[in-house]
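Okay, structure first, notes after.
For reference, chains read A, B, C, D and E in written order, and residue numbers begin at 1 within each chain.
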Amino acid sequence: MPGDVKRRSAKTGLPPGSLIHIGEQHSATTRITLCVYDDTGFQEREVETLEGVAVPAGEAVTWIHIDGLHEVRHLEQLGKAFGLHPLTLEDILNTEQRPKSEDHGEYHYIVLKVFHQDAGGALIPEQVSIVFGRTWLVSLREREGRLFEPIRERLRVEKGRLRKGGTDHLAHALIDVIVDSYFTVLDRIGERIEGLETALIGRPSPTTLRSIQTLKREMLLLRKSAWPLRELLGNLDRSESPLIHGQSALYFRDITDHAVQVIDTIETYREMLSGMLDIYLSSLSNRLNEVMKVLTVIATLFMPLTFLAGVYGMNFRYMPELEWRWGYFALWGVMLAVACGMLIVFRRKKWL
Amino acid sequence: MPGDVKRRSAKTGLPPGSLIHIGEQHSATTRITLCVYDDTGFQEREVETLEGVAVPAGEAVTWIHIDGLHEVRHLEQLGKAFGLHPLTLEDILNTEQRPKSEDHGEYHYIVLKVFHQDAGGALIPEQVSIVFGRTWLVSLREREGRLFEPIRERLRVEKGRLRKGGTDHLAHALIDVIVDSYFTVLDRIGERIEGLETALIGRPSPTTLRSIQTLKREMLLLRKSAWPLRELLGNLDRSESPLIHGQSALYFRDITDHAVQVIDTIETYREMLSGMLDIYLSSLSNRLNEVMKVLTVIATLFMPLTFLAGVYGMNFRYMPELEWRWGYFALWGVMLAVACGMLIVFRRKKWL
Amino acid sequence: MPGDVKRRSAKTGLPPGSLIHIGEQHSATTRITLCVYDDTGFQEREVETLEGVAVPAGEAVTWIHIDGLHEVRHLEQLGKAFGLHPLTLEDILNTEQRPKSEDHGEYHYIVLKVFHQDAGGALIPEQVSIVFGRTWLVSLREREGRLFEPIRERLRVEKGRLRKGGTDHLAHALIDVIVDSYFTVLDRIGERIEGLETALIGRPSPTTLRSIQTLKREMLLLRKSAWPLRELLGNLDRSESPLIHGQSALYFRDITDHAVQVIDTIETYREMLSGMLDIYLSSLSNRLNEVMKVLTVIATLFMPLTFLAGVYGMNFRYMPELEWRWGYFALWGVMLAVACGMLIVFRRKKWL
Amino acid sequence: MPGDVKRRSAKTGLPPGSLIHIGEQHSATTRITLCVYDDTGFQEREVETLEGVAVPAGEAVTWIHIDGLHEVRHLEQLGKAFGLHPLTLEDILNTEQRPKSEDHGEYHYIVLKVFHQDAGGALIPEQVSIVFGRTWLVSLREREGRLFEPIRERLRVEKGRLRKGGTDHLAHALIDVIVDSYFTVLDRIGERIEGLETALIGRPSPTTLRSIQTLKREMLLLRKSAWPLRELLGNLDRSESPLIHGQSALYFRDITDHAVQVIDTIETYREMLSGMLDIYLSSLSNRLNEVMKVLTVIATLFMPLTFLAGVYGMNFRYMPELEWRWGYFALWGVMLAVACGMLIVFRRKKWL
Amino acid sequence: MPGDVKRRSAKTGLPPGSLIHIGEQHSATTRITLCVYDDTGFQEREVETLEGVAVPAGEAVTWIHIDGLHEVRHLEQLGKAFGLHPLTLEDILNTEQRPKSEDHGEYHYIVLKVFHQDAGGALIPEQVSIVFGRTWLVSLREREGRLFEPIRERLRVEKGRLRKGGTDHLAHALIDVIVDSYFTVLDRIGERIEGLETALIGRPSPTTLRSIQTLKREMLLLRKSAWPLRELLGNLDRSESPLIHGQSALYFRDITDHAVQVIDTIETYREMLSGMLDIYLSSLSNRLNEVMKVLTVIATLFMPLTFLAGVYGMNFRYMPELEWRWGYFALWGVMLAVACGMLIVFRRKKWL
């Protein structure tokens, strides 16, 4: 997170609307996919440039998907083609946005976060922007990936709702995929939490604590992205924009339910992690107790015996016991009796 | 809980409205019970299939109850018969729903959670869906059980309010049974909490801590299902739907009171469990104190004595005390005096 | 509390409006007191049954007070006489209600909790119901007691506001007495908190912790009953019911102020108890520190000395010091010097 | 605080509006100061009784200030003179009020708390009531003091805003002085917090903990009085009463800003005190660690040496080392080596 | 913070609107910069006094920037020139303001906080006031600095939006710079948090704790200034003042997004710091455990051995073992066996 703020702070003092890509470059090249579809057909092709693209006439839907944000000129062409406000373009490039939806009249702008997990399981956020007008939709990701492949697949084969619907239907489908991807992430985190719980019952170590803290921080990160989802989707559901048709609202409400489920799960995980911290701390206390009991038992057992041995090691001229025939063996008896008595007391106290 | 998310994440990428049962299959067969009643009569029978069912004409109420959700074809027939929206059907099958009520104009859709306890006392949530139109009500459970038997019994014998009322009355009766079932669950949890408190006053062990954490987690689970009840029932109470008659509102408000009581009890239990955690942790500290006192008393008692014995075990050529006639016995006297003095000090400090 | 839920759960499955008294029977007999008063006169008598009671005609106010809820027939007669809704009757008998006020048009129904303290100081909640129409008011308690005696006394002697006012004035007077009774309870709890604080400064024991936890739980109980008071009284204050006259609102707002004061005091006590828990836990740590210091001082003092004594107890053939004339006394000198040095170090470290 | 509740509970059962002064008597005599001023002049005198006072005619403002509430007859005269509601009079006398403002149409009633500090620095709350109509204002304090002296001074000399303004201006000036007095109190508390911080860095003792807890409790007390200020002032600011002129609203908003600053400071202090508690508790742990390290170092150093000395103190007939010429000195060498080795290990572990 | 309150409390009793500069004097001299610009040109000069300044006629924008608040006469001249309310002037001088925006009809008054970091990294807040009417804007800082230099630079060279826009555009640009400066501060704090995390994984010391607490307190300070930003900017965004044009709202909403991001980061840092406190405390426990294990291992190893040595140092006349030829070596064997057995046990318990 400090890194995000660092990159963000580098823009200080520039006029708003300056098109500078902050965020690391995740894909070597920019890949632009262009789909045009309506009830009757579906075309799909990759293009090199957005030169010449314009608001499509007619009822067919044009979906432009861009992987990679580091080539600013595509953004400028997009802005010109669809009349996007400079601030919208700036927000698309500034990958530290909070999820939000903005109604710009002619178009809707939606920013979302999607999460990937690297080899070590660490969460990597990626920003996805969706801009849609009446007959066009542009989606933009920071990195290449197959996130929206299922949608494209459905467009290719399906003759159903999605092909018949407008851009709001497509937007809904994209957001649905994104919200569903949270379940995948939460699923893996759930498995790590289960692993930690097993570790806690066994022999927790400072590593366990560190894992708990790492997970807590990831839940913070997820939460920061998931909480605004509810508001964002509520806005779309209640929107009076002509771009969103009545029956779409029902579908947006359906994703809202999913988002609420995501938030609930995040909050549950957070409380579980807090509980695990308590268990970890009390296990430290328990172990200290255990160690101290061993020490106390040993000390309590041998100190009196050593004292007795010390007494009969003294060199007083007149010590009658030393002269006794069975003195030595009698002392062993006494020492054994003392030791056994101690052990019985300890057993009674449940220390052994 | 991680399991839930796992199953949920398996649906990622499917179009919304896809009828797939997520959740474990709890009953071997699907059992469908069909009741038709009005003020004058009551009929009840089991059917194999919902083929041919349709919105009933006339004023008699048709109540279809389905145990088991894994046979998707029944759902499809239901959807066709009563004109249910695909998203409603999907929600019925997706058993990870949050409790909610939806007004679809022609029908109301209500999802609730009911809790069972397995042999070990662990909570198992089950989803119950209730859909009702003007003359028909469909209730669906994941598993077979006698939860709604008392309602059926009242319909069979009673000539009163329930038989005279419409589907909103029946829905109210079903929800009432479900909310009441929370009291049963809370009752058993209350007994376990009492058991834990006795254990805490006695000799708390790491098992006690684990039980507290388990209960805390179950309270989280219950809470997630109970909190939305208030909103859900408030919606029904304030509903302006023609499906809900004026005087039903009073009854829904009555269940709201019960739901608030459930939530209050859950919150109280949560605070009690937090308090028990504090007691557990402080009991660990107390026990450590106790152990350390024993160690300190023993060490403080025997170290000086062992030192004295060591002194008179030295081999200096000239040690006058060693030659004294009663030196040995005098030393014993000194050692006893030292020990008694220590014991008096400890008693004063309340360590013994 | 678990007991409450238990009794509540016993009602599961019964139709709503079933008149069953849940709650323990607190009074052997039911005692019914009937007062009729207006500006000019006051009559008071005890009756055996409510047979024949009806909504009084004219302007005189009829106040029926019932001690003891276990005889259901009185409730049924009440219901018939004043046209009470079955749910109201059920709520009166169900002594696990949350404080609330309901406007039923013809009458107002108010439930409140009042607290008693048993010999050991434990809080015992009691439910008080107040139902009033234009010319009649019924108050019901679970147990016999002198709670409302001051009101009756004022009615007997006073020629003032209360005799001139309507049923809303009487209701106000009764609620005022109940809210004031919270101050008495809080006063006694305040004394117990003060006692605990003295104990904490002295020598806190696990009993102290248990007392803190008991008080915390009682604050939870009180809070659950006090928080709804504010809403309840706010409802009465803002009520547009013809049963509540304009100038009564001012009086209800006055009790609201008292209720807010009660809630404030409860929250303050809760924070004080949390602070006391911190003090208790840190006093455990402090005591452990104290014990460990004693152990460390003793061990550090005697271990080097015992070692020295051990050295000169060795049997090497050639140990020059042993032959010295003043060797023994020189060693005593060394040992005293070591001990004094240690003590000075400890004093510098403030361990003694 | 328990004392407050105690005194409050003594009023239980009395009719509302009973004029009894609860609260300790803080001033031996009641002092009544009467000022009359308008744009052109200012008169000031002390009076013995409020007999004959009445709502002043004309535009001049009459300000009556009363120090001491224990003489109820003055209140009764006030009530009669300015037509105050019995509940207002009761609230003035009941010094356990929460800060609030009430619009009674003909007059405004405002209650505030002001804090004094006794010799030991403990906070003592005092209730100040302000009642004002169109041409008169009455202010009442529990004890004599110079709190309002600056206002009187400004009235005497100033020819400005205050003399020209109405009673709302005077009320504003009085409230301003009261809110400003919170800064003085917070200033002193801030100094005590700084002192505690220094103590925490040095050698915290249980006294430090007790001071933290005392301060936390005082912050609770202040908070209870400061939070309602915001609402109270907001009410005055938004008031549509003809008693409050448009431009006064701006001044009330200005005090609201100050009140928010007071609340912010209180919350900051609360968080600082919580942080100090954490530091205190961890300093206990740190000290325990320090003590235990000393013990461990000493024990680990001398136990092996004492063992070695013990070995060569044995009386076996055949122990070759004892016969060696330099055995004794060789052993000293070994023991020194062991001790030095240990010390090196400890230094590596940073225990020394 | 206590210092702020101290300075604030010094003003008690003065009439509102008194022009006294509270706050330390940060710059030796007051520097006044005056810019006049419109679409076609830009002039900039430093002036000595504001004598003769007046509301500019025409459409050109006049921007007066003042560094240093200690010379009250400039404020008085400003007040006269632009008709500022005495309370506005007082607020500008009182540098303990909470961020807020006030619509005074003829002008808007905005107060913000900007943070500097001294050599040690400690945060130093500075108050920035912005007042703007239709054709003039005055900005005031406590100290000299280059904070607004980028804006001036853009005005000098740019022919774009800023030069064409009105005072609301300039105000927006200034606020944007200020909000962006928070990212710089958070960036540095993020680095310090990262440093602390490394320290925590290594060897945390009480200094680490103190650094955590210092950072927590700085987050409190930042938070107090950042939270009101959201409300402040929301007010400007929704403002219906003629001073703020429709398209500016979009830009203010854009800064709101940044402010929300600042607040999110602050809250995240706060949670991270809380987590670090947990890690610190548990590392103390861990270290105690480690120390105690060393002590226990040493004691458990040597106590039995010392006891055995003691036994054979006794002087009983008849102790057969002492006479054995290999007794001494046999005992060494036994002692080695005991020691090895102990070590194996410890290894099994994972204590070594």
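The definition used in the following text is that contacts are C-beta pairs under 8 Å (C-beta built on N, C-alpha and C of every residue); 3 or more make two chains touch, one makes a residue touch a chain.
What you are looking at is a predicted structure, and each value in this text was computed from that prediction instead of being measured.
In terms of the stated touch criterion, the partners common to chain B and chain D are C, listed by label. The fewest steps needed to get from chain C to chain E, moving only between touching chains, is 2. To overlay chain A on chain D by their CA atoms, one rotates by 145 degrees, a value rounded to a multiple of 5. Because chain C and chain D share one sequence, their contact can be compared position by position; here under half of the interface residue numbers appear on both sides.
A straight line joining the Cα centres of chain A and chain B is 26 Å long.
Each of the following residues of chain C touches two or more other chains: 281, 285, 288, 292, 295, 299, 303, 306, 310, 313-315, 319. Chain-to-chain contact here is organised cyclically: the chains close a single ring, every chain touching exactly two others. Across the complex, chain A meets chain E through its residues 1-6, 8-9, 11-17, 85, 87, 90-91, 96-98, 100, 203, 206, 209-210, 213, 216-217, 220, 224, 277, 280-281, 284-285, 287-288, 291-292, 294-295, 298-299, 301-303, 305-306, 309-310, 312-315, 319, 321-328, 331.
Of all the residues in chain E, the ones that touch chain A in their complex are 150-151, 154, 158, 160-162, 172-173, 176-177, 180-181, 183-184, 186-187, 190-191, 193-194, 201, 250-251, 254, 257, 260-261, 264-265, 268, 271-272, 275, 278-279, 281-283, 285-286, 288-289, 292-293, 295-296, 299-300, 303-304, 306-307, 310-311, 313-319, 350-351.
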